[in-house]
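Dropping the structures in below, format is structure tokens.
Each of the next two complexes has chain A plus one more chain, namely chain B in the first and chain C in the second.
Right after this comes the complex of A and B.
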């Protein structure tokens, strides 16, 4: 285990019906709330109307940043910053998944930042203050409600970069499984793959002697697998709650504290895909991460044997190599994703074959990435085309 | 799983050598630090001299609350409060285990509280503000460095009560496994039992559908069991680090979030023992908790079958009852404690047989306890005498 700092001051309010606490929590920070309003099925769920009523009842005036689409765009961030500055917003509230909450974080520090805001993504400047942020999570996978991650796509430059400013912890995160009952099957499945993906980046980062972190990671993955029935029984609120909490813990820092802290390579590669094709992050991860795992396993299969045994009960028998057992574990995970209805090739995501070299090149230049070798990335992308 | 709120803003600084950050962290809160100085082996470790140098180098003046003994006493709390008030202390730093850190918490809010301070333990008054608290953990088990728990013994009334004020989260917790290398074997073993005990209170609280919490709890227990070699190889800093992190996560709220949130009955009973006999908490728990588990298992063995399988690989075969398998799991845990050199009877702790009815009666009156039936407590105490 490595030395580490763990700090996470977000107050989590978890459980069915807890959306009702939104007003009580948000009004601690002022009178004017800017709510991020994403497009898609969430619009019809009635949640924005409910949230508005609850905030109004707590004496708050509600503003909206409208028409926000998946893979939040830099232009929207700037639009939200303008609203904050013009209206004197006191708190920014993301209601939704990573799209809404990441954008809330970005414009909350953006409102108090100077100069060209893209500078803060390309590491030219650093954000050191932020408006308060509130998060209401309605999606699985993102975990954005309890971390500082903020990933934004610049439509002009076709770049998708993440920043992780310590000022970006939401003051509170409401995780109300009732709000997830209307999630479409495909979004649920993508979220489940995303949770597993978040955990596996650290699990296979090469750091040794992290037995407790590994148990927590395995516990998160097993909780997702053992509650997969929500795909067929979307109203099973108990199972949904279990996956929702797994989703938060997968990426709130606790599972990775003391690990290698290396860059998240599979995510870096996927970000190139979703920056250029606007695919859902969870679906992109289902494709790219499996391909990346095969690559890592071929380099060093030892931990993959451990994974295959702990997650899928695959025992290595005499005569089997570590590599063959490790590969078998990944095969089973890939089949699991397929059974959930997720894509398993880039082609299914609509990616054009000719763009793979560009994706590989750009992934290797991502300031968040770990100096990826473009030739290796290209091989991996080809392997899942 | 139940609805819950999880909030823990303590900044954890973990790893060998991290004591050196004490000055940098503490000096954020002012110039005058009161350090709790416990008696015992820690005095000879040189840690107080090192801490003083580090704090001085950061421009801080250091005061001490001296001669603090295990099971921190209310008289010492009052003495510390006086120092805080007279000297204008800016931050209270507990260096040690639960004794030092619990006392630091108590006198940090005590310094700003009004009236009779024992009123705050018997639920007559509530503390709502506190001086900043820093924690340096040198002991396994307590977990006090990352929670709000503060348990104090009133020598006059022979009461040992805990309070859990939200203002009592340490601002920072330094967990430096190097500081634990000189821990005597018996303290290490007691700490290991205490960690397991912290996890088992919630694990067997009767709340259902907590699969992720259970995996985390099992991961903590297995990490302790799989790193028990520190008893024979006290300088194994990797294994020590793993148990130290398990110790913190066992009682920082993450493992219990969403569980029943019931009172910690085994702890309530043990507190009576250590209030009256000044035994080490970890050793007291090793005796009392095992006895309590047998009682719970006889009432409802289902979860104990799960425990026996997940922790000790005990499979239930056809023809076996749940009860017999559950009991077998507890037997193995008890043997483990014995193999670590821990007491397994109250007699070994020096408890007099005639006092058992009084212990049972007082446990049932503890304001922290869950309305324990004194007859049941007496049976349990007799069973481990």
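Right after this comes the complex of A and C.
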């Protein structure tokens, strides 16, 4: 186990009906709330109207940043920062998934930051102050409600970069599984794949002697697999609750504490895909991460044998190589993703074949990434085309 | 799965040599601290005292010491600590030790800003509104006090042992270095491991259904701690094994495993009666009481106990007779306790049956309250559990 620092002060308020506490929590931080309003099915769910009523009832004035689309854009960040500054916003509230909550974090530090805001994403500057942030999670996978991650796409430069400032922990995170009942099947499935991929980045980081972390990771994955029935029975609120809490814990630091602390390579590669094609992150991960796992397994299959046994009960019998057992485990996971209705090739995501070399090159240049070798990335991308 | 609120803002600084960062961490809060620890000897022998003081001095922090904490922290020392803080205008407390040291520090921390007697909080006459920040360097795992919201203090006149809880007293930071555990004696190691496993099982045996995720997390901590205990007993300098137990001990008690479920504290409450009357180590008492409690209550939820047996004790499921699965699981737990040198019967603690009734009545405040949530136990039930532990 490596040395680590674990710190996560976000107050989690979990359970059906807990959205009603939004006003009570948010009004602790002031009178003016800016709510991130994303497009898509969430608009029809009525949640923004409900949230507004609840905030108003707590004596708060509500402002909106409208028309926010998935893979939050840098132009929207700047627009939101202007609202914060002009209106004197006290708290920024993200309602939704990673798009809304990541953007809320960006606005919150952006409002108090100086200079060109993109400088912060390219590591020229560091933010040390932030407005308070509130999060209401209505999606699976992102985990943004209980971490500091803020990933933004610059539509001019076609770059998708993340920053992780300690000041960006939401003050509170409301996780209300009731709000997820209307999620379309595909978003639920993508979220489930995303949860698994968050856990697996650390699980396969090559760090040895992390048995407790591994069991925690396996617990999270098994919880998702054992509750996959929510795809067919979307109203099973308890099963949703189990997956929703697993989603948060997959990326709140507890799974990674004591591991190698390496960069999330599969995510770095996927970010190139979703920066250029605007695909849903969870669907992108389902494709890219499986391909990345095959690559890792061929390099060193030992941990994959462990994974195959612990997760899928695949026993290694005499005469079988580690590689063949490891590959079998990944095959089963890929089959799972397919059975959930997720894409398993880049082609299905609409990616053009000719662009693969550019994706590989840009992934290797990502300031967040671990200096990936573009040749290896290209080979991986080709393997899942 | 139930609705819940979870917040634990203690910053964990984990790993080799991390005590050398204590000065840097304290500096965010104060230039003058009260340093609380055991009597001279324990932390000096570890070299911890010198390293911590050097780190603090290097960061320019003035240190005033309060030494002499003993097992089951005493109220008198808390009063002395409050006095020292007030006289010297101290506004940060550093606890260096295990649960009793940390709980002493927490009690001082709520006592300093309070006008009345700090015992008021323990007697439930007052609720803390202000508190000094505290930090810890942990030298004994299991109590969980390094991130918890609770403190337990013993009042010597009248021998009252009481606890209070407040979100305000969670430490700002806790430094966990497994190397500091290398000198713990084997019996204390076994007691600590048993205590951690009991914390875990008290959360696992919940009557709330469909709590898959926290089931899995409980299983993760339980198995990891159980599998590594023999390794540290064999080689007390096995860093990686200690790391599992130390971090597992924190997670078992930081409220994460309780999210969405209700815990059952009956075994802890029953054990407190044992260690209240007899001079029994808390962990050793739990090794006796927990299996007896299981035997007494398992019929209320055979499936949950079978899940325990299969997933935590690696028992094959007997499809024709799930009850056999359960009993085999309990047996394997007892075997494990024996293997690490714990008693599993009251006999092994030198306790006979002559005070069972008295303890059962005391535990239930003379029959006016029940213990536990998985099954609510009255004094007759507790008596029967003692009987099963003979």
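Simple rule for what comes next: the second predicted complex is superposed on the first by the 385 of 385 C-alpha atoms of A that agree within 3 Å, B and C clash if a C-alpha of one lies under 4 Å from a C-alpha of the other, contacts with A are read in each partner's own complex, and residues count from 1 in each chain.
In this text, a contact is a pair of C-beta atoms (placed from the backbone, for glycine too) under 8 Å apart; a residue touches a chain by one contact, two chains touch by 3 or more.
Only a predicted model underlies this, so the values are computations on that prediction, with no experimental measurement involved.
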When chain B and chain C are modelled together on chain A, clash or fit: clash
Which of chain B and chain C A:2 touches, first, second, both or neither: both
Chain B versus chain C as contact partner of A:223, first or second or both or neither: both
Touching partner for A:377 - first (chain B), second (chain C), both, neither: neither
Touched partner set for A:333, first chain B, second chain C, both or neither: neither
Which superposed partner A:200 touches (first chain B, second chain C, both, neither): neither
Which of chain B and chain C A:15 touches, first, second, both or neither: both
Doubly contacted residues of chain A, that is, touched by chain B and again by chain C: 1-18, 209, 211-212, 215-216, 218-220, 222-223, 226-227, 238, 241-242, 245-246, 249, 254, 257-258
Chain A contact footprint on chain B (complex, rising order): 1-18, 209-212, 215-216, 218-220, 222-223, 226-227, 238, 241-242, 245-246, 249, 254, 257-258
Of all residues in chain C, those that touch chain A in their complex: 1-18, 210-213, 216-217, 219-221, 223-224, 227-228, 240, 243-244, 247-248, 251, 256, 259-260
Chain A residues within the chain C interface of the complex: 1-18, 209, 211-212, 215-216, 218-220, 222-223, 226-227, 238-239, 241-242, 245-246, 249, 254, 257-258
